[in-house]
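Next, two complexes with subunit A in common: one pairs it with subunit B, the other with subunit C.
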Partner chain A sequence: MRAYLSAFRMRRRLELQYRGAVLGGVICQLFFGLILVAIYRALYAGKPQDMPLSQITSYVWLQQAFFRMLLASDPELLDKIRTGSIAYDLCRPLNLYGFYYVRIVAQKMTGSLLRAAPMLVFAFLLPEGWGLMLPASFAGFAWSLAGLLLGLLCVSALENITMGFTMRTLDSRGMQALLNLLMMTLAGNILPLTLFPDSWQRVITLLPYAQLLDTPIRLYTGEYELSQAPEALLIQILWTLLLVLAGCAFWRNNQRKLIIQGG
Partner chain B sequence: MSYIHVRDLEKRFVIREKRKKGALLREKKTVRALQEVSFSVEKGELLGYIGPNGAGKSTTVKILSGILTPDGGEVTVGGRVPWKERKEHVRQIGVVFGQRTQLWWDVPIRDSYDLLKDVYRIDPEDYRARLSELTEALQLGDLLRTPLRQLSLGQRMRAELCGSLLHRPELLFLDEPTIGLDAVSKLALREFLQWENKRQGTTILLTTHDMEDIVALCPRVMVLGHGRKLFDGALPDLLGRYDTVRTVTVNYEEAEATPDLPASVPVIREGKNLTISYAPREFPTAEMIARVQAAGTVRELTVQPQNIDRLVAAMYREMDL
Partner chain C sequence: MNTLRLYCRSMAIMIKSQLQYPLSFLMQTLAQLVMEGGEMLAVILLIDRFDRMNQWGPGDLYFFFGLMSVSFYLTEIFGRGVTGNFPSMVRTGQLDTVLLRPRGILTQVLCSAADPRRITCIAVGVVSLVLGSSLSKIAWTLPKVLLLAESIFFSFWLLLGLFMVEAILSIHSVKSVELANALTYGGRSACEYPSDIYPRPLRVLFTVIAPFALVMHVPASVILDKPLYGWPVWTAFVTPLSGPAVFGIMYLLFRKAMKFYRSTGS
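Right, the complex of A and B next:
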C-alpha cells in the first residue's frame, strides 16, 4: 500500500512543478469559458430554454475549471511505454495497473485543482448570468464533492484503459483523438448535457462519460435533487468498479503478451 | 540445483513482413530468437554474456527477469520460475537496462530512491545504511539533490545502478552498463561491480559489447549467436582459439641486429626497432624471445596479443555470425 501512496505523492509533487503550464491552462480555459457563456447568453436572448441561464453558466464554468481532469494523459507514462522504460516497472514487486492508476489519479487531481482554484474565484466574481452561482444547498455541495471524487476515480480508470491500448499500439495519438472527441461531447464539455433533449439525456447520463463531471455538477447546481443523489453516486461507483476491473484484466492480459522490443 | 538453471530455452518472435506486390495480406515470418539454450549459474558468479547485435542476449535477460514469457524450455532462478512467480522473483533481482531509465526525470534522484524504498519495503534503518554505502562507492553524494535531467551520462549510469541495488538483490542483470561512458567512469563502474560482487555475494550477469568489461570482470563468459549458445567457459580459453597472431617489438642497442628467423615470419625494421609478427602456435613465445635476445643487446621488448576486439570479430566471423 505504501508504495502506491508514495508513487501518488511523487506524481503530485511533480505536477506541482509545472506552474507555467498551469498559468497557460487557466488563461486558455478562461477564454473558452467566456466564449461559451457568451454563446449561451445569445441563445437565451433568442429563445429562452427551460433551464435557468445561471445554471448553464455555472455548468460551463465548472466544466472549464476541471477540464484538466478530463483531457490530460500523463506524458511520462506514454513515454515509458513508447521507449520501453516500462521494462523497469515490470520488474517491480507491484501490481502494475495499480502503480500507474495512482499516478494518473495524482496527476489529474493535482493538475485540475491547481487550475480550478483561480478559475472558480474568477467565475464567482462575474455578475449573475455570466458567472458561477453558489451551490443549491450545503448538502448538495457535499454530495457534489463526493461525486467529483468518484468522477476522478472513474476518469482515471478510463485513462488507464487507454494506457493499456497504448501498450498494444505504441502510439496513442490516433486513438486519443477519437476518444477525446467522445469524451468532450459525452462528458458535457462542449454542450452541457442538461441541454440535450430529455430522451437523449436518459441514455447519455448512464454512460461512463457522464459520471466524470456531469453528475457532480448537477448535484452542485441542484439539477439533481438531494433525493436523487444516492442513486447518482451509485451509478458512478458501479462504473468506476467496472472500469477498474476491466482495466485490471486487460493489463494482466497485456503483461502476458507484452514484448519489450530492442536491446 | 544451481541458482540459475536454464534448459532448452526457446523464444520465437513473429514478424510481419512488408506486403508483397499484389498480395492481399502481409506474410508472417517467425524468427527464433533463442533456440535450445541451456546453462546454469551458481550463486556469487560474475558471468559475461556476449554476442553480436541481435544475438538474443537481451531476450535472455528479459526472460530471466520475468518480463518475457518463453515459448519453451525450463528456467528457474533460486527455485522460482520468473514469469510465473513474478512478484516474489523480482523482489530478489536488480536490473539495469543501459538504454532506459528507471529514475524520474524532473525530480531529485534521492526522491526516486525514496520511492524505491517503499516499492521494495526496505527497512528505513537498512535503507539509510545501504544508501550511504552505495552513494560513497558510486560517488553520488553531491548528486542526490540533483534532478536526473541535469546529470551527465556517466553520472546517470551510476545513479541507475544505485537505484537497482538499494534492495540488496541476490541477482543483478546489467544490460550494456558501460555504453557511452568515458574511460574514468568505466573503470570506476567496473571496480564498483567487483566490490559489490565480493561484499554482497551478488550474482551478476552482464551483457556488453565492450570486451574490456569482460576482461576486467568476468571469469566466465558465454557467447550467443543467432539465438544459440556457442561457447561457455573461461575467457582465455575462448580467446586462445582465435589468438593466432602476436607482435613482438624490440629496440636493440645495435643497428644491425637480426634475429635468426624463418623467411616466412614478417619483420619490419625501423632503424634499431624491429616489429615481428608471429603465430604462437607455430612459434612458442619463449622460443621467439630467446632468438630475439640471441641477436643482440635488447634495450626494450614488448609482446602484444592481438587487439581483443579484433579477436572477437575474428571469432564472430568464424562462427558465421
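Right, the complex of A and C next:
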C-alpha cells in the first residue's frame, strides 16, 4: 500500500512542475467557455427552456474547468512499451495495473485541480447568466464533491482500458481518438447532456461516460435532487468497480501476451 | 508559377505516400468522419431543441456550419505544413535543412505535408451546406455561386494566416504556443455560428482581429438574403479580401521572425 502511495505522490509532484504551461491552457479554456456561454445565451434568448440559463452556464464552466480530468493521459507507458523498458516495471513487486492506476489518478487529479482553481474563480466573478452559480444547497455541494471523486476514479479506470488497447497494437492513435471523442460527446463536454433530447438522456445518464462529470455537475446545480443523490452515487460506484475489474482482467491478459522489445 | 508547380507536385506525392497504407488510411479517414459528424450532431441537437438563433433559421445555421467545415478542413489538407508540423520542425531542428535549400521557407514548409484524411470532414461540410441551402430555399444565381467560391478560397488564406501566428510564436519561444489555438480552433468553434449572435467584444474580435465574419459570414448572409449587420450587398464581394490581407501581414511578420531563428541544435 505504501508503495502505491509513494507512486501517487511522485506523479503528483511531477505534474506540479509545469505550472507555467498551465497558464496558456487556462486562458484558452476560458476563451472556449466564454464562446460556449455566448452561444447558449443567444439560443435561450430565442426560446427559453424549463431549465434556467444559469444552470447551463454553470454546467459549461464546470465542464471546462475539469476538462483536463477527461483528457490527460500517461505518455510514458506507451514509450515504455515501444522501447521495451516496460521490463523494469514488470520487475517491481507491484501489480502493473495498480501502479499505473494510481499514477493516472494522481495526474488527472493534480492537472485538473491546478487548472480548475483559477477558472472557477473567474467563472464565479462573472455576472448572473454568464458565470458559475452557487451550489443549489450545501448538502448538494457535499454530494457533488463525493461524486467528483468517484468520477475521477471512474475516468481513470476508463483511461486504463484505453491504454489496454494501446498495449495491443503499439500504434492505436485512431482507436484512441475515437474513444476520446466518444468520451467527450457522451460526458457532456461538447454539448451539455442536459440539452440532449429528453428521451436520450434516460439512456445516456446510465452510461459510464455520464458518471465522470455529468453526475457531479447535476448534483451541484440541483438538477438531481438530494433524494436522488444516493442512487446517482451508487451508479457511479458500480461503474467504477466494473471498469476497474474489467481493466485488471484486460491488462493481465495483455501481460501474458506482452513481448519485450529488445534493444 | 514555378513555385505553384512545385507545390502541386509535392501535394500529389504527399497524398500518394499516405495512400500506400490503404487500411490505416481508411481507418483514420473514418475516425475523421465520426469526429466531424459528432460536431454536426451537436448543431442538429441544438436546432432540434431551440429551433432558431435570433433571425437565423435551421437552414441558415447548417449553411454557416458547412461553410466553416469546408474552409477549415481544406486548410488542414493543403496547409498541413503550417497548421500542424511547423512547431515540431522548430523544436527538432528540422527547419535547418529547409534553410539550406534554394527555395522560400514558407514554400518548402507548405510542400512538406498534406493531410488527405480530412476529406471526410469536408464531405460532412458539403452535406451541411446542401442541407442548409435546401432548408433555407436559396435561389442560386451565378453571383451567389461566385460569392461562395470566393468566400471559401479566401477563408483558406485567412486560416493559413491565423495558423502562422502559432508558427511565429513557436520561433520566438519553443513552448507556450497554446494561446494561438484560441484564435484558430477557438475561431472555428465560435464562427460555426454567425458572428452577430455574440456580445460586442467577441464580435469585434471576429470581425476586426480575426476577420472570420468578413470572410465567411458577410458573403454567406448575402447568399441567404439576410445581409449581416445590414450592410449593402456589394460589400460581400469586397470584405473577403481581408483574408489574404491577414495572410500578407502574417507573412511579413514571419519573415521578420525568421531573422530571430536560432537552431535548437539537435
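In the analysis below, the second predicted complex is superposed on the first by the 261 of 263 C-alpha atoms of A that agree within 3 Å, B and C clash if a C-alpha of one lies under 4 Å from a C-alpha of the other, contacts with A are read in each partner's own complex, and residues count from 1 in each chain.
The rule we apply is simple: contacts are C-beta pairs under 8 Å (C-beta built on N, C-alpha and C of every residue); 3 or more make two chains touch, one makes a residue touch a chain.
These numbers come from a predicted model, not from an experiment.
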Overlay on subunit A: subunit C relative to subunit B, clash or fit: fit
Touched partner set for A:L43, first subunit B, second subunit C, both or neither: second
Partner chain in contact with A:L34 - subunit B first, subunit C second, else both or neither: second
Which superposed partner A:A7 touches (first subunit B, second subunit C, both, neither): first
From subunit A, separation angle of subunit B and subunit C (C-alpha centres, steps of 10 degrees): 90
First, second, both or neither for A:E231, with subunit B first and subunit C second: neither
Shortest span in Å between Cα atoms of subunit B and of subunit C, once chain A is used as the common reference: 12
Footprint overlap on subunit A, where subunit B in one structure and subunit C in the other make contact: none
Residues of subunit A defined as touching subunit B within the complex: 2-3, 5-7, 10, 13-14, 17, 76, 83-85, 87-94, 256, 258-260, 262-263
Subunit C contact footprint on subunit A (complex, rising order): 20-21, 23-25, 27-28, 31-32, 34-36, 38-39, 42-47, 49, 173-174, 177-178, 181, 185, 190-191, 195-197
Of all residues in subunit B, those that touch subunit A in their complex: 13, 53-54, 57-58, 62, 65-69, 87-88, 90-91, 93, 95, 97, 99-102, 104-107, 111-112, 114-115, 118-121, 175-176
Complex interface listing, subunit C residues touching subunit A: 24, 27-28, 31, 34-35, 38-39, 41-42, 45-46, 48-54, 175-179, 181-182, 186, 189-190, 193, 197-199, 202
